[in-house]
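Given below, in the form of structure tokens, are the structures.
Shared between the two complexes below is chain A, which pairs with chain B and chain C, respectively.
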Partner chain A sequence: MNTPLLKVRDLEVAYGKKPPVLKGVSLSLKAGEILGLVGNSGCGKSTLLRTLAGLEIPRSGSILWEGRERVALTRKEGRALRRRAQLVFQNAREAFDPRMRLVDAVAEPLLVHAPDLSAARRREKAEAAMADLGLGRELMGRRPQGVSGGQLQRVGLARALVVEPDALLLDEPVSALDVSIQAQVLNLLWDLRHTRGLAMLLVTHDLAVVRQICDRALVVSEGRIVEEGVPQQLLDHPTHEATRLLVEALPRCKLPS
Partner chain B sequence: MLTRLLLGVLTLLAILVASFFLQRIAPGGPFDLERDMPEAARQALIREWGLDRPVPEQLGLYLKGLCRFPPDLKRSMVQPDYTVWEIVGPRLQVSASLGFAALCIALVLGIPLGVLAAVHDGKMADRVTMLVALTGVAVPAFVLGPLLKWIFALELGWLPESRWVGPANMVLPAFTLAALPLATAARLVRSEMGTILRGDVVRTARSQGLSERRVVFVHALPGALVPVIPWLGPATASLVTGSVVVERIFDIPGLGTTFIDGAFNRDYTLVMGTVIVYSILLILMNLLTDGLLVLLDPRARSARS
Partner chain C sequence: MSRAKRVSAPVLDLVWDDLRLRFPGQKNPVLDGVGLRLEAGRTLGLLGESGSGKSLSTLAALGLLPRSAIHVGGTIRLGDTDLLSLDARARRRLLGATLGAVFQDPSTALNPYLTVGFQMSEGLRRIDGIPGREAREICLEALETCRIREPRRALRSRPHELSGGEKQRVLIAMATVRHPDFLLADEPTTALDVATRGAVLEVLLERGHDLGMGLLLVSHDIFLLGECVEQMAVMYAGRIVESGPTRRLLTSPRHPYTRGLLAAAPRLEGPRGRLPEIPGHPPAVDERLPGCPFAPRCSLALPSCAQERPAWVSLGEEGGFACPVTETEG
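Moving on to the complex of A and B:
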């Protein structure tokens, strides 16, 4: 029971023959934990997320889901693992096929992860997943261009949740949204963690987001994890230069109470 | 749709007016080639065809004829025994069937080649496919045509070398005519598909574990066809109205040759007839492809509304 949901050891990832983007990254994620990955653009945090989702193949190192090696899994086991860790992208508008109705897009992962379900049953499940996130019935038949950015990010979450995963891999889930919508989505993530016990690995460049929602945070710089701690501690006492720069980037002005 | 149709009619009118005046500006006239014709007879012909009247008046009369039902395309000035439609009609049929065959070859081979290249981006399959496509663009019909004829008709004897008698005669000219559009279609699909395959739609689909076949054919291919559609309109119109080079190489009685001969002979009415046929086809094809584009790309629909 004490085995972490995800354990990464000495991960090295490179694109082609170029120098590695990730150099010896190690981390662990417990069930129900929200772990923040912060860092500037290009530091390798999104690559890390994509590698964990199985989209990039690591050059070396290991990825263990509940103690089992990710790379050594059979195809069927790999598919089962993909169900357990669902990826949600930053720009929901670009992550949806513009030709597909939203309810069909949400139902699509069930084709792989629940192949025995009938089309009608898949649709029912998709509708239920959307309704759970407060998406009205009138949105279900629309296409992505017919809904707002915030609604679409919710649909993205519904698509991830329809296969009942254990963890969400969130790549800058709120950075493309208006501030008021950001708060709604963060609240939704917070609720999901409490109601479903979901673990989340949240990639962001915004320390404010980390402070609001994460239990723990890792600072990534130039492909390495340079600092780790609870968000408030990182904000108050940054020890690494990269963390200090991120803290200084936070707005310092305070509104009069 | 009604606005687009009206715009099409206006475009047609502008093309007609411009072609009419351009022909009259070009030196020479339809009766200059008949050298042994007495001057009085020549003048009589010019009067009979109304060529002595001011050009705007001639245009007005011509347009009036077109407004009748069925439209009056007049007789050919150089072959007055035939109406323009009697010359253009059968040749359009030949050119259209050849062009349609070439278009089918171009799409049936070009689109899969583009998909193959995009899916194997940077690998051998991609390089070979793009080399084929580049050859299609770079080798002109007057080289490819004789080459195909030499190999398949003269050396191997598999296909007839020229003339327009049966379906077998269509194969070599159709492939010659298809080379350029095939290469263009392959390049258009490869380029757009490459962009889509690197995008978040495909990444999301892959991260969900969807099969590569579903990723390529359901999520990437419809989008990759979008840039092919606007190109398809003008390409179809130009293919079905004939190519003078291919028609000359394979001795085919098509519309391209008719147009060039008409222009050389200053056969004003025949040239106008072919211009009208080509323009109407081009405008109709553009309208049709606009409709197709909306079907394939819902963003085009929302942008329009």
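Moving on to the complex of A and C:
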């Protein structure tokens, strides 16, 4: 059990012939850990997430899931790994087919990852995944425009969870949500970690979110990881300039004494 | 000319009084009795979630409401003038000279074909009749005070040549170049990169202070407003549910919604893990109850809350709130 769930070594990612957007990135994610990735827009944190999900091909470096090299896998093995790390997008509205009923959208990943299941069984699993996240039966037949942003973000999570992953890759999961809804989704993530032992890689620009639910955080700046630590320590004693700027950019979030 | 006018006439407050608006096809009003007072030279924060009506309240003052909006009742007054009854001509005289505005997305607020200098000096040249050379100097000065590093270059450039943060600072300079009495800023930093938000906010507050403008800062972020404004008003489902000095709202909020927002926000201190969440979601316009729109999400709600519109409880200097349940607290 000492092998981390995910180990990334010396990763370099570039788009086309341009200079790399990620350079020398190394990190590890333990089972059941919530790891925060923070940084300014354009720092490369979303690219990192996309690469780990298999949506970008790294130029060099290695991505090991439980000690196994991702790029050396056969197609089938690659698919099995993709199932285990599911991506959840920032803007749930753009992540859904507007014409598809929500329950079908949630069932869709099973077509790929559990092709042997019957349609009825797929639907059953999708309904269970939605019900687990507090989404009522009345929502299941609706289409994305028929539900609120917070509900749709939950549907996004249900779609990720339906294939029973070990890790969630979350790209700014609450920043597009209303303030009174953010806490609901953060609580949900916190609970999922405890009830299912899910590991999470959470990309955000908001250090308050990181402090609230992340066990550890990495600061990304100009394509590199420049600082790592326990969130409170990063907040109280930032050592790198990039971290310091992120801390300073925050409203203090403290009540005046 | 706006510059001369400022010296002579005393500036009056900008007052939203029981403003009610409706959209066709909806049975409930989208703004349901909004009351706000932006005092001359002071700062007011308007806090609300998307759909609460905070942007509509701002747009109404600027005469920029969607055409389909139906004015059901109430006024927005500046002295004796009701801004909602102005014709297009009178409104044009007001915008820029008396009321300035900054919006959320700087990338859509500038004309991409024109140089910054041309669009920025337009009001000065065409309305105030200031000669081009002099107008240019005034613009340069405004850009400089808004911390645009090379103001001469900025004047010559077109919008795409500026970064997001620069564009928003240019827009602040542009909105204030004719020294309006009030500046209405609707989520001016939300669309910007985190790293540039602080600087833009600083420029906005400084500029407001230096010119003695009344500043309305609209935001969804209670902590951001907490750092920036003297007075705050909390909006929920088309109504103001609480208002008062920022300090009072942050330290002893009285409306359950304000309390819920403060408790639910991730913090830089205190316990980690689960947050005290507000259940449910803000109601769509036609889901709103005749009584208190927050009642279905409120842990303190009484059966009567859903039916009876809560009366405004005044706290004098400390503002007020609309909740009959917390009214009885000692």
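The criterion applied here is as follows: the second predicted complex is superposed on the first by the 252 of 257 C-alpha atoms of A that agree within 3 Å, B and C clash if a C-alpha of one lies under 4 Å from a C-alpha of the other, contacts with A are read in each partner's own complex, and residues count from 1 in each chain.
Note that a contact is a pair of C-beta atoms (placed from the backbone, for glycine too) under 8 Å apart; a residue touches a chain by one contact, two chains touch by 3 or more.
Values in this document were obtained by computation on a predicted structure and should not be read as measured data.
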| item | value |
| --- | --- |
| Chain C versus chain B on the shared chain A, clash or fit after superposition | fit |
| First (chain B), second (chain C), both or neither touched by A:Arg50 | first |
| Partner chain(s) touched by A:Arg82 [first = chain B, second = chain C, both, neither] | first |
| Touching partner for A:Gly136 - first (chain B), second (chain C), both, neither | neither |
| Which superposed partner A:Pro109 touches (first chain B, second chain C, both, neither) | first |
| Larger contact residue set on chain A - chain B or chain C | C |
| Touching partner for A:Pro19 - first (chain B), second (chain C), both, neither | neither |
| Touching partner for A:Asn91 - first (chain B), second (chain C), both, neither | first |
| Superposed model, angle subtended at chain A by chain C and chain B (C-alpha, nearest 10 degrees) | 70 |
| First, second, both or neither for A:Gly67, with chain B first and chain C second | neither |
| Overlay on chain A, chain C to chain B nearest C-alpha distance, Å | 9 |
| Chain A residues within the chain C interface of the complex | 40-42, 148, 150-151, 178-184, 186-187, 190-191, 205-209, 211-213, 235, 245-246, 248-256 |
| Contact set on chain B toward chain A in their complex | 199-201, 203-211, 214, 218-219, 222-223, 296-299, 302 |
| Partner chain B, residues of chain A touching it in the complex | 50, 53-55, 78-79, 82-83, 86-87, 89, 91, 94-99, 108-109, 111-113, 143, 145-146, 159, 163 |
| Sites on chain C touched by chain A in the complex | 49-50, 193-195, 197-198, 220-224, 226-227, 247, 250-251, 260-261, 264-269, 272-279, 281-282, 297 |
